[in-house]
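Read through the structures below before going on.
Heads up, the next two complexes both have chain A, just with different partners, chain B and then chain C.
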Partner chain A sequence: MKLKRRTFLKGAAATGALVGLGATQTEFPFQGLMKVDGSDQTTKKVFQNACPRNCYDTCSMLTTVEDGVIQFVEGNPQNTYTNGTICVKGNVYPRTVYSPDRIKYPMRQKGRGSGNWERISWDEAYTEIAENILKIKKEYGSTLPICLNKYSGNFEIMHYGIEGTMSSIGYTTRATGTPCWPAGIDAQTFDFGTILNSDPEKMQKSKYIILWGVNPAWTAVHSMNFIEAAKANGAKVVVIDPILTNTAGKAHDFIQIKSSTDGALALGMAKYILDNGLFDQQWLEKNSKGYREFFGYLDNNITLEWAAEKTGVSVDVIENLAREYATTKPANIWIGYGMQRHTNGGQNVRAIDALAAITGNVGLEGGGANYAQLDSWGFNYHAMIHPPPEGSEGEANRPVNMNNFAADVLAAEDPPIKMMWIAGRNPVQQDPETTLIKKAFHAMDFVVTADLFMNKTVELSDIVLPVTTPFETPGVNVSYWHYWMTLNEQAIKPLHESKSDVEIAMGLSEKMNELEPGSCTYPTSGDLNEWVGKEFNETILEQFGMNTWEEIKDGPVKMKNMEVAWKDGKFRTPSEKYEFYSEEAEQFGHHPLPVYVEEMKSTEDHPYRCITPHWKLSIHSQFQDLDWMEAINDKPYVEIHPELAARHHIKADDLVKVYNEIGYVTVPAKLTRTVQVEEVVIYETWYKNLNYNVNYTVKAIPADMGEKATGMPGIAFHDNFVNLEKV
Partner chain B sequence: MMNLQSQISKEEAYEWKSKVYSILAAYYHNQLWNPKDLEAVVKVLEDYNHLYQLKMEDAIEVIKSTNLRHEEDCKFDFNKLFIGPYKLLAPPYESTYLNHDKLLMRAETLSVRSFYEKANIQVDGKGQIPDDHIALELEFIAFLLHQLNQENELTAIKALLEEFLNEHLGKWIDEHLDLVNKQAKTDYCKAWAIIIRRIIHLDLNRMTIS
Partner chain C sequence: MGRKMGFVVDSNRCIGCHSCSMACKNYNQLNPDITWRTVYDIKEDTYGQPTRITMSLACNHCDIPACKEACPTNAYEKREDGIVIHHEERCIGCGMCVYACPYNVPQFDKEKKKVGKCHLCYERLDNGQSPACVSSCPTQAIYHIDTTSLGDEFAKSLPGFPDPEITKSTTRFIKPSIVRKL
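This part shows the complex of A and B:
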């Protein structure tokens, strides 16, 4: 056999066009490698980072990088809240960055939901997105058919560049509100004028701590240090929760309360405090408005027997709790977000606030009714604020309710919603009413999602854009709980072809302006490190005791004078007093006083309340998908009290169908006495290898409050009633 | 077999090998989708198959007979195996096979990087693209083979090449291709796995380079 040399040479020539073989013989046709003179020096460097996830702790982290590769991440001891340690989720960060499963390139799906994806270049992605935007604008005369749904996946300040992307193309439709905490925000806004908590590090000064519907042992682990310190100083810790949580396990007393009746317990306690003269008359006279009306309400409407009946907590326990709380100073209440996810959640928070007020614990070091704060967030939002292009149709963005997203998107008219941009969210997994959410996605002409990993929302998108992790792009972070600010340095180059949201905005702007000059106002270039500096203003520098923003490069800084919330007694209510009686509340359709609003009841068909709290190994759909988390736990379960299980002949590990009128989820049973007999618990996380989503059963029922401060009411996630069936 | 090989010079053999490895690299670089390019590539592979009696004519035939109508399926299949956005069915990175963490940018990756540095080579996009992506490892081998015809320090380059094949690509290629064979839905991607295995094994089993 003769070797077909001619073929080979011909082949080589053609291949040359492809792999660069056309060059002279002496030059190697490089594809992904390149020649260099000598190697770079191996350097080891430690960078400052901040965890941007939707978590109380917003940890200051230190990232050790060698050869351009993250070696490990640890807590930054300069931040006395983080205090040198990070949680299990934070420790796993390198596994996010270096997961082989990250979304690496911009990709286009041929047929939404088909699973058939093709790799495209950033230029192709920008072009397709820009063309869709311009087409919509031409067809409808405005960009209102474009809807942004962005929220809590990354709270770093530069990530508000996503909103900036939308602002810079015109007026758009925005998913508005927050699913997390709005009812409580409104409640505290009516009472205090805004949300403002004392520096959580001051909890160690408390002599009595009530952790009310909050599980920091899972969801704010660093706060446990201060709780433990308070215990060591002789403080008593009481946990009030429908579930015997890990936090409850560390408390002196655990009071298991029927869900959604927290207001009844608070009012029962207040009644005892009133009847026994344990209130702080002086504080009330000086600082409050309407306490007499509140006392009148207690006198006329509240008995301890009623409170006991409502809450499932006996009269003697309520009496004891009230007496201890009112007579041990300072006494701190930490109000969790779980307990306000009810149709009476905001009202319940108001009743708890009132307890702190009548006992004179407001404005006291180690005291307070602590919920959250946004005072340390006074940045410029430079990445976000961009004007619409000249001549944009309309006057303002159109809000749709983030908490009733699917229904609102489908109902939108004049113009309808045709395109969605999703960032920092996973609505197909995490929003209530999954079936309807899917319908809304399928009703779109075009869906763009920017994310780190494939998930249920990416599955229903046309284009996915790979985004950076916190270690790959600069920024700055603050918390909604503690008062530290942390610079987030770019520690490594962005892996694969990932880009930050601001870079995406810039790239899209360039393409939009290329296709239609003047169609996008977002800058097309800029140094992201300089952009971090543009987020600072005189006020925030002063608040944090900095002369220039660059001082943050030396380490985390703490906002000044936030040790004790409301110490100055200057409340931000219309009366500048603490308002037991709130006309603002009345204007928003609530009773002006913190009266009890009936909790939502189970029905004959769906007799059990299903609570869907946060899971210890995840924040919503983040983290649980990582291999180490899966190694600890790789399957969901429904927690059922043995008595209830027996009623349905369910044994441990039996598959149980948990259902109601809108859907069902099938999960194995875990029998446990940590839950109450008439309530079941399923954690709201995401398992990437399982077709599991508890939100098929969760209805988008609005919580009572949230409209004033956040534009939309919250979601009564925990007013979900179901039935059980052994599979 | 030896007869055929005796027909070409050592220099020509190096050039053949270099080009064949460049083709394999191009496949993993996601660059081999143009039918014309593919046609040319097939011819090179056919000749190489004859030259070394690699018994991969069936696999080459599959690639040859894959028409445009099926190309999209092949692309989607290829993406599911090596590109994303789903969890990769056959990750094209050495460290995901050899490192107990199964992550990217591990010690193996940096070891590959230091091999590249020995030859004054680095990844275009260093620090962003893991150095041990199979396309880069194949390209590196192609580069070293090419250098055998260009430089004086033949012994050093041969040693580097041999060491790289045995210490890196050779250590994980089978596990990777087994995964491809198991997970691929199209004959096209399976055929490539056969071709890649035969070509690499030829050089792993006996240093046909010398």
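This part shows the complex of A and C:
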């Protein structure tokens, strides 16, 4: 039997399935054009899957499996948002599953960071982890010295079992907050009462679309289809961004704004709309609170000249944009996450929300100020919610700020943090202040990481546990942008010795109870397919128009009546109105109105702003590490405007040291006029063979908002100021 | 006149997301360093002011395929419908086609010691399906069509594409609109 290497890798997974089949059949997909005989001897089945990554699109996928081996992953056309297609990252999934780089079995590292790993059994891993937990509990009288850091690596609902693992052993310390989007969440919570966007498929009904600090061509590809549809229906598309992105390349007009001044542009537009009587008085009277105060603020504080000076956008352009936006209905604004990663990001989102409100675009089909939604997430979180063991010390978990993780971990006292459990996160690559993060890891007595690949966080762990891909364990997924729910079926047997996070929780519970009966409340067994059913309740079934949860097995379902956010005018604020004037905002230390808060400025030593947005071939540190992806791109770059490059005698492809007072990153230069002269752009991601990490220069500066809705303020990732040096 | 199946590349709708390129790899299970479809950035100042626009290219299924002309073992076939296919079992991996093709389409697979290239997913077409790249494009920016039916509104080239006349490429393009920077 002549198996090629990759055929072998795949075949190795299909234990037993190859037996009795000749070589020609098993080689079928790899043989180019050779005809295959006896294809009816193979078993071929198509499974439903869902992409669980931290992404707007949360694709519904179909996976073709033959003889237990994945042959092809494609989009499921039953979901009309993802519309039968998946992105570049979804298309790489067969390689994710069968990558030779996957962590295959539990391992122990002798010396954190040494690379001296040895294979251990699951029983040894569970024993070592359980003994450490019990030792800590004995020494400190509680499990609070154990800290969980879990977040966005996998948003499938059963993966909240990771939090359940910790809850079931007692009260622990939790990395709390969300790095990505909380300033905008709070802003919309003050204005509307919560985040709620219209069904993005309705964007095609818009006549005017402003894509404000969002780059769906790279980060929400399926939405581009509805934007193209709107264009075909005669809509105008305007992109406002510091970078001329691939999305901007598809727009009619592009406005290049100085980073972090979006609020000034919005307020300048609002002033023009006010002065020219283009606002919707009737809507404001009926639906809002405090618009007169807001108009008073505009009258007394805002001029178009000021807005132009702040933003770098001329008065003419602001006037024209404001006039077009206010007079073309319905007009949709999509507010991106990038633009709120600033020390004034939340206020800037409030100012943009206000534009939609004063023009009466809130509650209109094809209108709105669309940011995100969490209304479709009302599951039971059965895998997550478990009581602490009887007699557990303490009353509640202890939060530490996920967005200032290293400093908070190192500063924790009474008791200190001694052990970390990391799952669905890669803080050593992705958190700000990498140097400090490493210090925090080295300060631990014990670090456990569950992951797919040997990433930078695994490198600083004592034990690594191999986890399953979405194709190897069942679950259910929803999006924070569209309103579809997709069942994730187990399509293949887990490869190697990988286990799902829930199975890990069960295995650990068994060991804990063996060593100390009653020390862990997590169930020690259960059928994971049944557990998916336990995530459903009456409310969510009704929202999605299902009688029983099993109906999801027939294909993705869409939540009902979400076409137009706030159509009923029942806002979830204390006044049940849209709140220009928010007492809640005031309670959290902000001005009650959407006012301009000064943006952070560069310094003499660090004169350039460094923006670190998402990269097209990855979601944070996932996907770019795979060899299939490396074939498209295998090295990062810093985008520098030719004028700035000339100032530092930098030519194309020269290695450039981008540095500030906390660290540096060295990257080749890409000269481009699509970025601004005083701003450089480096995309955040992880290349497995490169020592490349943008976060050595990124400080854990808090964004202005996030505390109300998510417990902690966000991170002002893009308020990072650097200098350049040709290497 | 015979049919000339080929690709239409709509650079007005292409968003540069690379889904097509990876779908090709996903479906055809290509070795890691082999890419049959590639998304290229069009030089940013091609149309005057800078912008970011892209074009997605695979085999151009030429009327006069240079690969076929160059192949000493007759591994290439120009089908009646115009699709140029490569018969791997006849390939000796000499690489003559790799040098002959002006578009760098045939790829030498070091592991197989043979060449491979896009065959327009002809077996999917024969099954009434679209090529993997076409069916994976989120904005319908690529499609396959009998290009003899296309009029002059379809360009034969875009900036950066080699001279299509040498081999009579059947790929047709829709030009990108250029964003107005205010």
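The rule we apply is simple: the second predicted complex is superposed on the first by the 685 of 727 C-alpha atoms of A that agree within 3 Å, B and C clash if a C-alpha of one lies under 4 Å from a C-alpha of the other, contacts with A are read in each partner's own complex, and residues count from 1 in each chain.
In this section, a contact is a pair of C-beta atoms (placed from the backbone, for glycine too) under 8 Å apart; a residue touches a chain by one contact, two chains touch by 3 or more.
Remember, it's a predicted structure, so these values are computed and weren't measured experimentally.
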item: Touching partner for A:496 - first (chain B), second (chain C), both, neither; value: first
item: Touched partner set for A:224, first chain B, second chain C, both or neither; value: second
item: First (chain B), second (chain C), both or neither touched by A:440; value: neither
item: Chain B versus chain C as contact partner of A:84, first or second or both or neither; value: second
item: First, second, both or neither for A:253, with chain B first and chain C second; value: second
item: Which superposed partner A:117 touches (first chain B, second chain C, both, neither); value: first
item: Partner chain(s) touched by A:103 [first = chain B, second = chain C, both, neither]; value: first
item: Chain B versus chain C as contact partner of A:454, first or second or both or neither; value: first
item: Which superposed partner A:673 touches (first chain B, second chain C, both, neither); value: second
item: Chain A positions touched by chain B in one structure and by chain C in the second; value: 4-5, 29-34, 94-95, 627
item: Touch list for chain C against partner chain A, complex; value: 13, 15-19, 21-23, 25-29, 31-35, 38-39, 44-45, 50-54, 85-89, 111-112, 116, 119, 132, 135-140, 176-177, 179-182
item: Touching residues on chain A, where the partner in the complex is chain C; value: 4-6, 29-34, 71-75, 83-95, 217-218, 221-222, 224-225, 228, 239, 244-256, 313-314, 317, 321, 616-617, 627-632, 672-674
item: For the chain B and chain A complex, residues of the former touching the latter; value: 4, 7-8, 15-16, 18-19, 22-23, 25-26, 29-32, 34, 36-37, 39-44, 46-47, 50-51, 72, 75-76, 79-80, 83-88, 91, 93, 96, 101-106, 109-110, 113-114, 116-117, 120-129, 133, 135-136, 139-140, 142-143, 146-147, 149-150
item: Residues of chain A touching chain B in the complex; value: 1-5, 7-8, 10-15, 17-19, 21, 25-26, 28-40, 67-70, 94-95, 98-105, 107, 110, 115-119, 454, 458, 464, 492-497, 627, 688
